[in-house]
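Two complexes follow with chain A in common, the first pairing it with chain B and the second with chain C.
Take a look at the complex of A and B:
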C-alpha cells in the first residue's frame, strides 16, 4: 500500500475542506473574469436601446440594464475592477502594515505613538472614512485603493503587532539574544516568520472586506465612476430598478456574495492549515 | 575534577530592582528587589550551584549575566572584563564564550527551524567557518551530544524532551565556549532522562574543561555535580561555600530546612524536621532585617531589625545569620 505522509503539505491542504472549496470558487471566478472576451460578445459600455431591461435569456444570461447593456459582461468587467482594487489594497496594506508593525515592535517608545495614531484611525467608522477619503482622492480606482489602504492599515498593524509582541517573549527569541543575534535579524528571522500565518489569514479576510467596501463606496457614487463598471456601481444603478428588473440587483449581488464567501472560506482554511497547534504530531500541551 | 583557583567569573554586589506600579493615578512605584547585593566568584573549570526556591531570583541572575536584562547596580567580571560596562558589540564578541542552556527544552527551540539551523545559529551569528565547515561542525556536535547526524534535518517537535535538551546543549556548545549557564536544565525532564542529561553535562565538562553556573532547586544534583554552592533566598545569598562543607555542615536555618526537605529512600529513617513555615514572602515588600525571619524557627528580635552580613564561619564557607554563635 502506498504510504501517505499525513504531515505533507498537500495532504493537509486537501484535508482542509473550506480551503479546497474556497480555492475552487476563486479559481472559477478569476478564470471567468480572464475569459470575459471569449465568454461574451458584447461590449460592457455600449448602449443598446433596443434591448433595455431584458430579463435573463439565452442572449443575455443575466439580462440587460436600463441602457440595454449586457449585465453578464458588465459583471465580469466590474469584477476585474473590484478584484484589482481588492488585490492592490491587500498588497499595499501588507507592505505598509508590516513596516509600521516592525518599527513599533523594534522601538518600544515609537510603539506607543504608532498605536495611539492607529487607535485614532480605527475610531472612525471604516466605510464612512473610506468614502470621505475616496472623495478627497478623486473618484478613481487609485483613489479608492488609497482610501481603503489608509483605512485598513491600522487593522493589519494591530493584528501583526499583537503577534509580534507574543513571539518576542518566546524563549527561543531570548535564546537568540543570548547567542548575540542582532536585533533586526531576530525580527526578520525569528519573529516575522512566526507572525506570518496571522498576517496571511488577516490579509485574505481583508481582500474580502476591500471588495465589499469598494462596492459600498461605488454604491454611494464616490468610487469607480460610470460608465465604467464595478460591482458597487452596477448595484447602485440597479437600486431604482429593483421592482421592475430585479436581475439587475441579483447579478452583481451574487458576484459579490460568492467572491466574498470564497475568500472567507480560504481565510478560514488557511487559519486552520497554518495553526501549528492543529498540525498532527506537532500538538503539545 | 580538575579545579584550579583561577576565577573566570566574579560577580560583585549585583542588584536588580524591578519597578512595580502600585497606583495608577499617583504613579507611586514599588520596587521588587529580585536580586539584592549578590556577590560570588566562580573558578575556571568548576561547577557553581545556585540553589533556591522558585521566585528567589536565580534565573534573574542568569539573565543579568547575559545582559538579557539590565542590572540596576553591580559588576560582573568575566576573565577580568566587566560585562556590564561593555558596548553591545563588545558584548556580542563575549557571547561566544558565555552560552546558556534553558530550562524549557520545548519553547527554547524555534518550532519553524530545522535542528541543523538551530544548532548552527551561533556559528552564523559569529561568522565562524565556511558553510561547509559549519555543516561539519554541526554534524560533529550532534554526535557529541548523542544525536544522529540525520536528526539535523528534522524539526524540534519531532524529538522527545530529553533529545530536545540535547539540541539545546549542542547549540550552547558549538562555539566552544568557556562558560555555560545552565538554568534548571533538567527540571522539565523525566527523572530517567535527568540522569542522562546530567551525565552528558559532566562528560562534556571534563572533555572541554567547561565552567558551569548551575541553577537548580534539586539538591541531589548539586551534591553530584557541583563544587561550590550558593543558597539564595528572596534575592539574597544566605549561605555560600564548597558543596562538601555545606552538605556536611548546613548552617543557615534556611539551608537546613532545604536539606530536611530532601526525600530519603529509607522507610526506617527518622526525619529530623527543620520545619519551614508559611509561604515565601512577597519580594515586593521583603521582610525587614533578615529576610528569612518570618519563617525561621530560631528567629530572635534582632533578626527583624538588622540585616545579617555574610560572614565566614570556616574556610570557604560563609553564612548570613545573626545566630551563628548559637548553632
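Take a look at the complex of A and C:
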C-alpha cells in the first residue's frame, strides 16, 4: 500500500482549498490575457462605427462600446496593463522594502530614522496621495507604478521589520553571532529567510490592493490614460453608457473582482500553508 | 495618562509640519503651468505679471516658506481658478464628504458587526460559510463597480434613488438621505465586509479562551456568554478598526464622489489636479492628513482608556 506523506509540500498545497481555487482562477486569467491574439481577432483600439454599442453576441462576446470597439478584446488588453502594474508594484515594493527593512535591522541607529520616515509616509491618505503622485509622474503606466510603489513601501517595511525583530531574538541567530558570522551575513542568510513567509503573504495581498488602487485612480481619470486600456478606465468610460449599454460595466468590473478574489484566496491559502502554528492538527477555528 | 496625551500631541506637531512640507513640494512638482492656463497661450507679455499675482514667482523654497507661514496663521491661500480662498472652497464642500464618510461608516458597522457575530456562533456551518464567502466577495469588489451595479438596479431600473448629486441637510433630512444613501451604502459595503471578518475572527479567538469555558461550565446561558463575556472582548479591536476605517474612508471618498457626482472635497481635488490648482490640492491633502493624525491619536487614547493592559504612563 502506498503511504501518503502528509507532510509533503504537495499534499499540503492540495489540501489548502483556497490556494488551489485561487491559483486555478489566476492561471485562467493570465492565460486568457496571454492568449489574447488567438482568442480575439479584433484590435482593442480600432473604432468600428458599424458595430456601436452592440450587446454580447457570437461575434462580440462581451458586446461593444460607443466606438464599436470589441469589449472582450479591450478587457483582455486592459487586463494586461492592470496586471502588469500590479506585478511591477509588487516587485519594486518587495525589493525596496526588503532593503530598507534590512538596513534598519542591521544599523539600529538608522532604524529610528527609517521608522520615523515611514510613520510620516503612513500619515498620508493612501489612495489620495497615490492619485496626486500619479499626476506628478505624468499619468502614465510607469507613473502609476511609481506612485503605488511609494505608497506601499512603508507597509512592506513595517511588516518585514516586525518579523525581523522577532527572529533577531532567536537562539540560532545568537549562536551565529557567537561563532563570529558577520552581521550582514546573519541578516541576509539567517534572518531574512525566516521572514520570507510573512513577506510572501503580504506581497500577494499587496498585488490585489495594487490592482484595486490602479483601477480606482484610472477610474477617476488620473491614472492610465487612453489610448491604453486599463480595467479602471474601461469602467470609467462605461459609466456614461450605463442606461444604454449596461454590459460595458460588467465585463471590466467582473474582471477586477475575479482577479482580486483569486489573489486574496492565494494570500489566505499561503498564510495558512506557511504559518507553522496552523500546520499541526490544523486548528479548525 | 495626561502625560501620554501631551507627549503624543507634541510629537504630532513636527509630524504635521513635515507632512505639510512634503505635500507642498510634491504637489508643486506636478508637470504643467497653472499661469499658462489662466492666461491662455496668446498673451505672452503679461505672463510674468500673472505668475507674480498667482504667487508662482520665486524659487520653490521661497514659495514653500510663504505658504507654510500662511498655513501656520490659518491661511491656506487662494484658489487660482475658483475666485475663492482655499478654506472657503473646502468649507463649502466638506459637509458632503463628511456626510458620505460618516453615513458609510454607520452602514459598515451596523451591517458588518452583526454579520460577523452571527458567522462566529457556528463556525464552519453553512451560514458561516455563506457570510464569509459574501464578505470576501465584498472585499474584492471595488466600490465603483458595486456602485455602478446598484445604480443600474436602484436608479435606472427601479428608480428608487437618484443616480447622483447632493442635497444639503438644510433642505430637509429626507432629501439629504435620498441622495446620500446609495453612495454611502456602496461605499460602506466593502468596509462592512472588513468588519464582518474582523469580528468573526476576534469572536472565535475569544470563545476559545478559558474564561469562556468557565462561564459555560458555571451554567451560564449561551446568550449571556456570547453577549456579555465574548462580545465585549471581541469588540475591543473594533474601536481601532472604526478609527482606521474612517481615515481610509475620508481619504478614499474621491472615487465614490466621482461616481455619484457628489460635490465634495474628493471631486474638488480631482478637478483641481486636472486644472493644476495647486493651493486647493495642497489644502485638501493637508486637512485630510491632519484629520487622519488626529483620529489615530484619538483612537490610541480611547484604546488606553478601554483596555487596562495598554494603559501607558505607568502608575
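We take it that the second predicted complex is superposed on the first by the 279 of 285 C-alpha atoms of A that agree within 3 Å, B and C clash if a C-alpha of one lies under 4 Å from a C-alpha of the other, contacts with A are read in each partner's own complex, and residues count from 1 in each chain.
One rule holds in what follows: a contact is a pair of C-beta atoms (placed from the backbone, for glycine too) under 8 Å apart; a residue touches a chain by one contact, two chains touch by 3 or more.
In this text the structure is predicted, and so the values were computed from the model without any measurement.
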| item | value |
| --- | --- |
| Which of chain B and chain C A:13 touches, first, second, both or neither | neither |
| Contacts of A:219 with chain B and chain C, given as first, second, both or neither | second |
| Touched partner set for A:190, first chain B, second chain C, both or neither | first |
| Chain B versus chain C as contact partner of A:241, first or second or both or neither | neither |
| First (chain B), second (chain C), both or neither touched by A:120 | second |
| Touched partner set for A:181, first chain B, second chain C, both or neither | first |
| Partner chain(s) touched by A:170 [first = chain B, second = chain C, both, neither] | first |
| Which partner, chain B or chain C, touches more chain A residues | C |
| Which superposed partner A:264 touches (first chain B, second chain C, both, neither) | second |
| Contacts on chain A seen with chain B and repeated with chain C across the two complexes | 284 |
| Complex contact set, residues of chain B against chain A | 63, 66, 68, 91-92, 95-96, 99-100, 102, 104, 106-112, 121-122, 125-126, 157-158, 171 |
| Complex contact set, residues of chain C against chain A | 15, 18-19, 22-23, 26-27, 29-31, 123-124, 136-137, 139-142, 144-145, 148-149, 151-152, 156, 204-205, 208, 247-248, 250-252, 254-255, 258-259, 266, 269-270, 273-274, 281, 285, 288-289, 292-293 |
| Contact set on chain A toward chain B in their complex | 170-172, 174-182, 185, 190, 193-194, 276, 281-282, 284 |
| Chain C-touching residues of chain A, taken from the complex the two chains share | 119-120, 123-129, 131-133, 135-136, 138, 208, 212, 215-216, 219-222, 235, 238-239, 242-243, 246, 249, 253, 256-257, 260-261, 264-265, 284-285 |
